[in-house]
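The chains carry the letters A, B, C, D and E, assigned in the order they are written, with residues numbered from 1 in each.
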Amino acid sequence: MFRKRHGPPGSAPATLVPHTVEGRANKPAIQVTAYDAGQLSERECSGIDGLPADIPSSGVTWINIDGLGDVDLLKGLGERFKLHPLALEDVLNTGQRPKIEHTPDCIFIVAQVVYQDGNRAFQVEQVSLFVGANFLITIQEEGEYDVFEPVRQRLRAGRGMIRSSGADYLAYALLDSIVDHYFPVLDDIGETVEDLEDSLLKKPSRDMVVSLHDYRRSLTHIRRFVWPLREVLSGLLHDGGGFVREPTRVFLRDCYDHVVQLMDLVESYKELTTGLTELYHSSVGLRTNEIMRVLTVITAIFIPLTFIVGIYGMNFATRTEDGAALPLNMPELHHPYGYVSVMALMCLIAVGQLLIFRKLRWL
Amino acid sequence: MFRKRHGPPGSAPATLVPHTVEGRANKPAIQVTAYDAGQLSERECSGIDGLPADIPSSGVTWINIDGLGDVDLLKGLGERFKLHPLALEDVLNTGQRPKIEHTPDCIFIVAQVVYQDGNRAFQVEQVSLFVGANFLITIQEEGEYDVFEPVRQRLRAGRGMIRSSGADYLAYALLDSIVDHYFPVLDDIGETVEDLEDSLLKKPSRDMVVSLHDYRRSLTHIRRFVWPLREVLSGLLHDGGGFVREPTRVFLRDCYDHVVQLMDLVESYKELTTGLTELYHSSVGLRTNEIMRVLTVITAIFIPLTFIVGIYGMNFATRTEDGAALPLNMPELHHPYGYVSVMALMCLIAVGQLLIFRKLRWL
Amino acid sequence: MFRKRHGPPGSAPATLVPHTVEGRANKPAIQVTAYDAGQLSERECSGIDGLPADIPSSGVTWINIDGLGDVDLLKGLGERFKLHPLALEDVLNTGQRPKIEHTPDCIFIVAQVVYQDGNRAFQVEQVSLFVGANFLITIQEEGEYDVFEPVRQRLRAGRGMIRSSGADYLAYALLDSIVDHYFPVLDDIGETVEDLEDSLLKKPSRDMVVSLHDYRRSLTHIRRFVWPLREVLSGLLHDGGGFVREPTRVFLRDCYDHVVQLMDLVESYKELTTGLTELYHSSVGLRTNEIMRVLTVITAIFIPLTFIVGIYGMNFATRTEDGAALPLNMPELHHPYGYVSVMALMCLIAVGQLLIFRKLRWL
Amino acid sequence: MFRKRHGPPGSAPATLVPHTVEGRANKPAIQVTAYDAGQLSERECSGIDGLPADIPSSGVTWINIDGLGDVDLLKGLGERFKLHPLALEDVLNTGQRPKIEHTPDCIFIVAQVVYQDGNRAFQVEQVSLFVGANFLITIQEEGEYDVFEPVRQRLRAGRGMIRSSGADYLAYALLDSIVDHYFPVLDDIGETVEDLEDSLLKKPSRDMVVSLHDYRRSLTHIRRFVWPLREVLSGLLHDGGGFVREPTRVFLRDCYDHVVQLMDLVESYKELTTGLTELYHSSVGLRTNEIMRVLTVITAIFIPLTFIVGIYGMNFATRTEDGAALPLNMPELHHPYGYVSVMALMCLIAVGQLLIFRKLRWL
Amino acid sequence: MFRKRHGPPGSAPATLVPHTVEGRANKPAIQVTAYDAGQLSERECSGIDGLPADIPSSGVTWINIDGLGDVDLLKGLGERFKLHPLALEDVLNTGQRPKIEHTPDCIFIVAQVVYQDGNRAFQVEQVSLFVGANFLITIQEEGEYDVFEPVRQRLRAGRGMIRSSGADYLAYALLDSIVDHYFPVLDDIGETVEDLEDSLLKKPSRDMVVSLHDYRRSLTHIRRFVWPLREVLSGLLHDGGGFVREPTRVFLRDCYDHVVQLMDLVESYKELTTGLTELYHSSVGLRTNEIMRVLTVITAIFIPLTFIVGIYGMNFATRTEDGAALPLNMPELHHPYGYVSVMALMCLIAVGQLLIFRKLRWL
């Protein structure tokens, strides 16, 4: 998730390197959607030639390119729509920090989409937007999931103000969809972390710590993508460069609020995972302490007793080979109450120690 | 406490989804209170039709809606009082970060109330306020406790300046009540944490760590609700949008001060719980150390002694089967002072070790 | 130290609740001091009636009220000197964050005094100042120590510029005295913490950790009182509201510097206590490690030896009941050098282990 | 990596001390490159006399000095091109924090290059740039790797706008090369840290902790070099002092973005290494806990059993020397089921303990 | 190092208390240096009467006072050169936070010098400067080392611009000398900490932790002195109050850069010591873990074996006193292969355990 794609150090700026998936530079899919309040046309095309020669002055033209394998397409696009070569380099160098750039002909926006694939693994995809007066060009990394699909369906349905608004509203709708996709990701993290919290208190295991570490890491990444998004939206809101119309601003502000809430959630979850890691440490520390206590109590009671029984297992002879008495050698062994006394002594010692340990609050 | 309600990603802005409680979308309770310095009328109504068609130009009309189950009511309300659809979406998407929005017709405020229910569990409820020229609309989540009740009683009693002031003062009074409700919650956390501190020093247990963790988490949440409240009050104070009259401002400043004190308390309590967690770790670490010391001293004293008695429990024969003497096999066992010497040696070893351990400050 | 006094949530603003000490609302002591460069009169009075009806236009009148038990006195005072009811509420709700408020008739300042009582326990007292054109009203919590006494003595002595300056200089002198009282408190903390540091390195004990925790907590509180004091002094310095004369400003700046130094000290001591807590942990961790090493070395040496002597303590018969030889059963026991060889073997094992442990740097 | 070279305290400013490598002050290598859109000349010279007497007014002259051993060269250079003596002191005092200084005749920039040598050890080299109207002077520390080589090749190839632009674009290209060289360094750290993460979870070892510590330290250094670079680029971008032309600014902004991404990466990696250190602690703590559990279970089961078998190894006599019965001395030893009962009892104890430990979740 | 000298709380401002060294208030040494580009005169005098009555209008007069034992001298100085009494109080209350104050007649600067005495212990000395139009008064604490000596030698040598510049350049030269003295102190800390790092990895000991703690503490102090120095230099640079001439400003900026580098170094070293403390903890934790593993493996292998040999050391009788056979009592003891089988069994157990422990990666 960390890696930023970059060319070799010292290479010339605006060097475009095509993306390859499993060794192949796939041909991007291109969708051209033109609409106004009354009508909507959608078509797919396969290369730079299929693109409209010029943008109609009325309505909105949305060109969506899915895949980064065709450098010539991007170059042609850049020439036709006056996209800055450095911006195109950023499009290809995925892993960019989200940002906004103003050029005379359009606004260039980079953002990162995060979603969960079928195995609930987090996937990151870079999305680039060029917002012009009445066109919008979006360029996505090849991926299994299309974050723009809900917006496309709203366009087709034609409900709400999306069809009667300009390219700026369409850009807002796409950015809003990108932002909205972070919420279920964070919900999932939140739920899993809360599950972890429960099982942590029952029996801490190594797997939990690793999970916790993974979630913290994911949150670190998500934060890296969400924080600059706020700047992007703020930039769009406060300096629309002539491309953002007034009615769209209230929606952008709403989207900005969502980003602030995302940041809030990310920070809260980070704090929660930190708290859980500490809880885990406390928990393990206390368990170790309890185990030590049991070990110590058992050892402290039985080791002296084992020593005593060891004494009376010694084989000191009570008579020499010659039969002469050795009265100092273990006379206890021949005392009628020897065994009973030793057993009683050992009971006394054990009970005494138990009392001491109870007083020390070790039991 | 964390969750923010949100629609599916990519859905159109201002999509209103009704709240359900245990699967049912309850009909909200509506209270309409109209008052001026001289008189006060209160009535309940059950739908949009019961609401006043237009707001009388004199006096204050306060419409309080309790429950978020009826989307049509909110839509009707929005149309009649020109509330922005995005604001109504925020009303329904509970778990919002507190915020203030200015529209030409009113100021929209979202805040979160925190209180303790009967089981001393923390409850969060979202409260939305639309402050207009001479009306105030408040929309609360369904809940067991009504944070506005004390203000309603002051209105009925008619003491103080509340009846002779406008909708802005009423809004202030409600916000002040919301802010004031945080104090007993923090007092309760403070007291419990101090109790924890005492018992922690006596005997640390796992329950305490879990409690501590829970309180830190609650404080994290409360901070998320209190910090933005400051911006809300500051926004109301410095840009009242024509709805906030001068005499109300000194009260808003007072309320703002209370929020600052809340933030202060939350930070102090967070620091205290962090300190306690560390104290706990120190305490457990020291206990483990003490236990280890006892274990080590006992083991170190008795293990060598047990070894010695083990030696004299060996069965080496002093004569072969043929009766030939084996003088090197354990001659000590037949020495007249063998037993006494061994016992004396063991005493010496034990005393020596005790002296060493005392010198090492382990005893 | 944490608690902020506050009324029930939702109660009307500016509700005044008298303070009680051990259940009784004591009558406050009132001192009226009037002075100019030439003369000084001091008198005590017991209620609102004893106060001067109006403030003489020349000289300075200082009214000091000691105790918060008489709400009527405060109300009367408020009416006579036009003190804002919200300010009077703050006077009574002790535990306030230090703050400054400007009103047309005076500047209202709240600060917290910290001092050590006879048992070296830290005491906090709230002090409120109303600084007018030629009067100063100070209201203190009832307490065993009067932080204003040194200033009163300087007034009586009449040295320096205090008698020839106005109420603003008197306010400065009192604030300076409040600020100065923090230094010995911090000195005491510093000395004790340094003592702790020494004994920590000798033998860590639970008492030290608790002390350390207590001092960190006290420092947290002191920081809560000192940081806002800076804002208070800065407010007085940069916006004196017409009440602060130019010559007083250089003294206020000096006092402001003292507050900055206090903050500096508090932060340094906090860092020191944090460092000590860590040192403590390191120290305990290392002790545990040393103890474990001793335990392990002793156990590792003697447990195998005890096993060996245990082997030769087994009672395997060398002949059956019938007298038939069982040559495989422990022939060593009848070997002439059996005992000597076993003893030698055990010495070898012990020496070998000692060498290994020395190589592992465990000894 | 930390050290900053500095003269003795109190020495006069602008004191120049030559660098020595292994005791020798090597003669620097000087390369003079003059180019415009049409042509390019490169030559090496060996001293101040070989340098051009004055800079041609058209085209760009780039003087690159490799090595800091010749103070007279620097002094001569300073006089000829009006470089400030304090700047020359900074050139020699390597280990400088990157900075930008404006003088009337040129802009002085210091930066630090970080790269990996053949053994993958990190190397730091200080690079100083003097950017004038149509000249650029660069001074590098002697080192095995030349970070400017890729730019020199682009100059020779003559592609792109580098040949047709001024000294400002050349300065940008060199700075961009410096910035770009940080990316592979961070990639390497990232990969190694991720490898560490995997092996940490398998078996934590001391080497890993040391590596982790080393990488954190390297990241600390890199941060020290990268953060001020942002200020340098921002300074160049916003106050070019008449030397930065408009078309170069968009490239500088791109380079600035790269620095921001570097900072982002450095912070992310620092957070990752911190997380790994914690993961390591958790992992070791848990392992210790598991080991303790095994130790305690084995000890707790076998110590009492060993005590019991010790009892029946005692040698209490059942008859006196005179043959009188001592019926209280260990009658169990002569019971027909004595051995079987003791064995059964011990099995019971062991099974009971196992059940207890399973219930305590220790197994 | 922490202590700030201060008078009793509530005492009048500008109260001057003389310093005593070992109970005596030593008479300060006074040096008067007057110079211009052409000539330089130095003389010592012993009291206020020896000082020049008025400052010559040409050239620079530098009065250096070494020692704080004579309050009358300071008072006289204050009157003659119009030094503010509060500034003189700051001169005596050593331990001040470095600061700059502007008065109409001069600029007052306080700074702290840190150097190592003969035993490499850190010493702190307060230095106060009063920078006037053509005079400079410096007041130092009594100390074994004079930080101004290198500057005095440069004055005498007359090289560079120091003799031909004004009092502002002299003040710069002294401040620069103060700043430069921090570098060797930090170098020494850096070297020692790096030595510590090496030995920490070999064998952690308590001494290292204490050293590390001491260095962190020293760094905390140094930071307290260096951070405000930046404000001092920035104040001098941006508001020279008419006393700082333009040519001096470039030198002050250079000095400011040095302070920024100092701050950078201090922060880096603090981070390094924090990292080392953590490394230490990791190291001790891992050692404890290793020791525990050895203990557990040895115990786990030998305790069960000792139990087994204990079984066959029991004395169950195989015949009653009457000679009747007790066939259930330990028949193994009379089996021809009993001993061999038990030995083989024990080998099997030991080998099995070794395999298990190897699988658990404990060996």
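Following the convention adopted for this analysis, contacts are C-beta pairs under 8 Å (C-beta built on N, C-alpha and C of every residue); 3 or more make two chains touch, one makes a residue touch a chain.
Bear in mind that the values here come from a model prediction, so they are computed numbers and not experimental data.
Visitor: After a C-alpha superposition of chain C on chain D, what does the rotation angle come to, in degrees rounded to the nearest 5?
Guide: 145
Visitor: So, what's the distance in Å between the C-alpha centres of chain E and chain C?
Guide: 25
Visitor: Approximately how many whole Å separate the CA-defined centres of chain A and chain C?
Guide: 40
Visitor: Using the touch rule from the top of the page, what residues of chain D touch 2 or more other chains?
Guide: As it turns out, chain D has residues touching two or more other chains at 281, 285, 288, 292, 295, 299, 303, 306, 310, 313-315, 330.
Visitor: Tell me the shape of the graph of touching chains, choosing from line, ring, star, complete and other.
Guide: ring
Visitor: Applying the stated contact rule, could you write out the chains in ring order, opening with chain B and then chain C?
Guide: If we begin at chain B and move next to chain C, the sequence is B, C, E, D, A.
Visitor: In the complex, go through chain B and note every residue touching chain C.
Guide: Its residues touching chain C are 147, 149-151, 154, 159-160, 162, 176-177, 180-181, 183-184, 187, 190, 201, 250-251, 253-254, 257, 260-261, 264-265, 268-269, 271-272, 275-276, 278-279, 281-283, 285-286, 288-289, 292-293, 295-296, 299-300, 303-304, 306-307, 310-311, 313-317, 320-321, 326, 328-330, 361-362.
Visitor: Can you name the residues of chain D that touch chain E in the complex?
Guide: It is residues 2-4, 6-13, 84, 86, 96-97, 99, 101, 202-206, 209-210, 213, 216-217, 220-221, 224, 277, 280-281, 284-285, 287-288, 291-292, 294-295, 298-299, 302-303, 305-306, 309-310, 312-315, 318-319, 325, 330, 333-340, 342-343 of chain D that touch chain E.
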